[in-house]
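Contents: one structure, followed by commentary.
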């Protein structure tokens, strides 16, 4: 997921012709002041932290200003804030428009129908999860037909718009449709879409570009901001790696098996801290890389669960043992392995020879790793 | 059909990224000279009449020049020529490239499959009608899939291209596909497409935009050059009007009925000069307009064939009689009518009362109009 | 049985508040058709000739059980109207509208196919089965129930031929006007199997014209798969190449689409070919008389 | 009978000259599959593991009668590979390729549907019916002919479960790995009817995971239309919202796609729900034992 910051989403909006408030991105209180003083942004203005998480308003990351001085002090107050783990480095200063109504418009994917889904609601400006289903109109849009005029009419009727405002909304919906498709978006959301005078204006912009499509859009390749540093490194190495809240690292092969392993672990009292899916690989180099990455997350214990189908258990075991040797003694963590399938016996032998608790029964292995994580003797116990 | 002159087609090509020779449009021998002198077009150059008809080469409307003087005299020789009824007013001067091979590429409509059709042949530079079917590869392209890479590969293999030339052709095919669809083209043809060095270059451009789609492309609305002046007027009045080589004007309602009337007329020795389809209308004003337009084509006689289905025969008759009165006595031509259907009797009565030969039998009526057209007494006998 | 339409056909008129929409709503009703709804965006809640008007086809379908539609909306909006009909579950649409860009029609055609929807036209008079229903604009007066099926690319010429069949004392099972555009939703080869399967049709009259290869493809079907006799006519023998003869689709291009080619193919396929349209009723009567009694 | 594949399945491997393509060509052949052709543009005329390589799928089909394909080509070219297969008349394709943009998949899915072609995947292990054919990459060793059908969104987890079924002394009729992407060509509700109709299947094992609503839709189908017993498992009970758990499709978004919702739906539909994957073989054996003898 490439989540675009609000201002980047709005830059895209501008390209596609979506009406926006006048605004400017600033990175210091002085720039905020100048934006008002130079007339680039009219007052009253709103100063918004450019972070990816939602709910900025409640978090004090959105402030208002009626003068250049207020803009400056608002910027000073917001810049540097930590917001759900993300430091505020950029602000968007925008004119605060006198709006009549707040609406909601989004395009997303309908997985079941395999088509894009247009969602609109006359109840914008609040979290859409809190809006009743009956107040949201969902229009599946066939990719071969495109967003048809009749579908736009239905959406506009649901938004309660007519006359020139309806025409403005019609144009906006067409623009969003083009953006969603041409930019390979997963989600395009405007909340709120404001009715201002005779037209509609996008007050916010939430755009998520599909990761897998960035080969077509190299401009987004560097914008993946919504990962932990380790997740980012993992991504570059093409390892599925997700940081969770617990202290036991889980390495398995295949997403389904990894998830299932987490479930079993949790059921037996463990607390998963890292999800690491080796995928179909048994390339010892890849296994080593994955294991070293896991080490950097400082788990209290690591659980390895391998089913050797295409993969060979002995090859995985060899990679693991190699990797383990590369970790300084002081930073080593207990490792428990459960392996089944192709060359299982050889794999078990290799692991046991290297001092790893290894067996082929999942339940037993899980119990062992949970116990290891809880043991006070575990020296490497510095969860991140 | 909006047939674009070569240079307009090439302007479009440039927009879509189709490689072209360097060239310039000129409208006088002096401009031709200057284009070479100023270095805008390198020599050797080719000077081509910008007319819509094919076969310019044989008609002396394409000449070569190795100096600015030669370009000037070539331009002087071509400008003002009448070429299949069209006066040469514009020339395209282009660098004459050293080409290795001449290919053929076109996109058109496959009516049966209801898809665009990509046609390629390694035998370009000659009229495609003369190329054997086995030497043309036809690839139906599904509009929902677009021109797929595998289809482009098949086309490029048929053209016998490989390496960088294949890549150049691949890019060109993609550009043509985009042009065909975004510009609502009926036909996009490059003949010859030249292999020059490591790439392909479009030496000619034949682009026909669909008439019915010009509401989306107002820039083409004024470019309908391939009609007679009367046909152009008819078009503006939304009357289907086609000038033919004979001397009898035919007015009927509905395209099929009008064609059938022409067929009968020809079978009985008549020679149709105008095809005028009233369509579904019986609006007396429209009928009058159509009749007056017909008068301007100076037919020796006019045959009216109406089947009153939706249309009412009496209304058509009334419009006709009105229109006939507006033509000066000296320019009047014999009018024979055959009407059937809705209010047939009233229609016949109105026409007969106005001195028109009218009846409901097609064969008899056709015989009458053929006789009238042949009569030496027919004073208005100045076929256009 | 009949072809595509019957007593259960419930028509929604797309563009009912326009002149053509209103006029032909009256005519379809006079034919005995169940015209249950009209659609004109923004005019929902009204009524035209006793037919309720809705803002969308979906609403019309939901409220009236419409299962067929006829499109009278102007060309720039016709594609949208058809997509709307298909998405609303309509599975038979007649597009009367002329001048729809063929690029739009490509989308319409394949979108309909994807959903199993049938489209007749555009630029066509539609379909009618006397005594049952009419969707489109073929004049009511030319019909009389009978056993002759008619498939035609023409409008008025079809009316005249259908009328001739009536005046010859015969009648029609179903008549379809396919439309004069280069890209049509239903072509001869699509429609012929329906008439072959139709127990109420004894003979098919096929009226073609120059342009394209629809008649040649029909000939192939007739030869290989049609058991019923065919009387055929092709308009445009005297048309010159390169000129659009009134219909966008009636053009001889690059040597293809001539009347000769079509007539020869039909003749070789066993169809009886009329030289003039006025010969058709007589040929039909004569051919029917030779059919074995059932 | 079996599901989708059988002894007449003739596979063309798209991207056969790549590492994966070559490895799994060997494996599919070892399974007993008729791998008749490979395709790699520009490498036509060669051979991989005794399988002739062609430049295009059309050529492969024409020369070898291939009727199924498996795609190993890299994600940016996968859409084209599928369109090529469909246009060449292939009506069953397994897309093993991972990371295909879902916008591409939307086109692939609907283009296939338009032509009546089936697509399994992408990002999936494919389909196998022991003793008949395998199209994809499920390891051969886990199979044994039998009467348990398996449908799963997972890869390795499926292998383990299928292997468990074998080790419990049972066997499989057909196993399909649907793939872990948000948009898949075949989902549970598409595949369940095939297993319902398959005379060689007595019971269906359904392996789901978090993300989307495919399991909920499956539950509805199970309740309303499936006569055969179902043993179900859903991975991801402990997954937090908003995180992609290895599979692009395995994400709890906006409160939808949780394991709880899926498990409850399946349970309510009458499926027997396993808490842990290792319970499945036992539950299957127990449930089969309760089936009336035939």
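Order of writing sets the labels: A, B, C and D. Residues in every chain begin at 1.
Methods note: a contact is a pair of C-beta atoms (placed from the backbone, for glycine too) under 8 Å apart; a residue touches a chain by one contact, two chains touch by 3 or more.
Computed from a predicted model, the values in this text were never measured in an experiment.
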| item | value |
| --- | --- |
| Least step count from subunit A to subunit C, where 1 means the two chains touch | 1 |
| Which of A-D and B-D has more C-beta pairs touching across its chains | A-D |
| Length of the line joining the C-alpha centres of subunit A and subunit D, rounded to whole Å | 28 |
| Centroid spacing, where centroids are CA-atom means, of subunit C and subunit D in whole angstrom | 45 |
| Subunit B and subunit D: spacing of chain centres that average the CA atoms, whole Å | 54 |
| Sites on subunit D at which at least two other chains make contact | 107, 110, 114 |
| Of all residues in subunit B, the ones touching two or more other chains | 142, 144 |
| Graph class of chain-chain contacts, one of line, ring, star, complete, other | other |
| Touching pairs - complete list by chain label | A-C, A-D, B-C, B-D, C-D |
| Complex contact set, residues of subunit A against subunit C | 142, 144-145, 148-150, 153-154, 157 |
| Footprint of subunit B on subunit D - complex, ascending | 41, 55-58, 77, 80-81, 83-84, 87, 107, 110-111, 114 |
| Subunit B contact footprint on subunit C (complex, rising order) | 75-76, 99-107, 109-110, 137-139, 141-142, 152-160, 163, 180, 182-183, 187, 207, 209-210, 212-214, 217, 233, 235-240, 243-250, 254-255, 259, 275-278 |
| Complex contact set, residues of subunit A against subunit D | 1, 109, 111-112, 114-116, 128-129, 142-144, 181, 184, 186, 210-213, 215-216, 240, 242, 244-245, 252-260, 262-267, 272, 275, 277, 279-280, 307, 309-311, 340-342, 362-363 |
| Complex contact set, residues of subunit C against subunit D | 110, 113-114 |
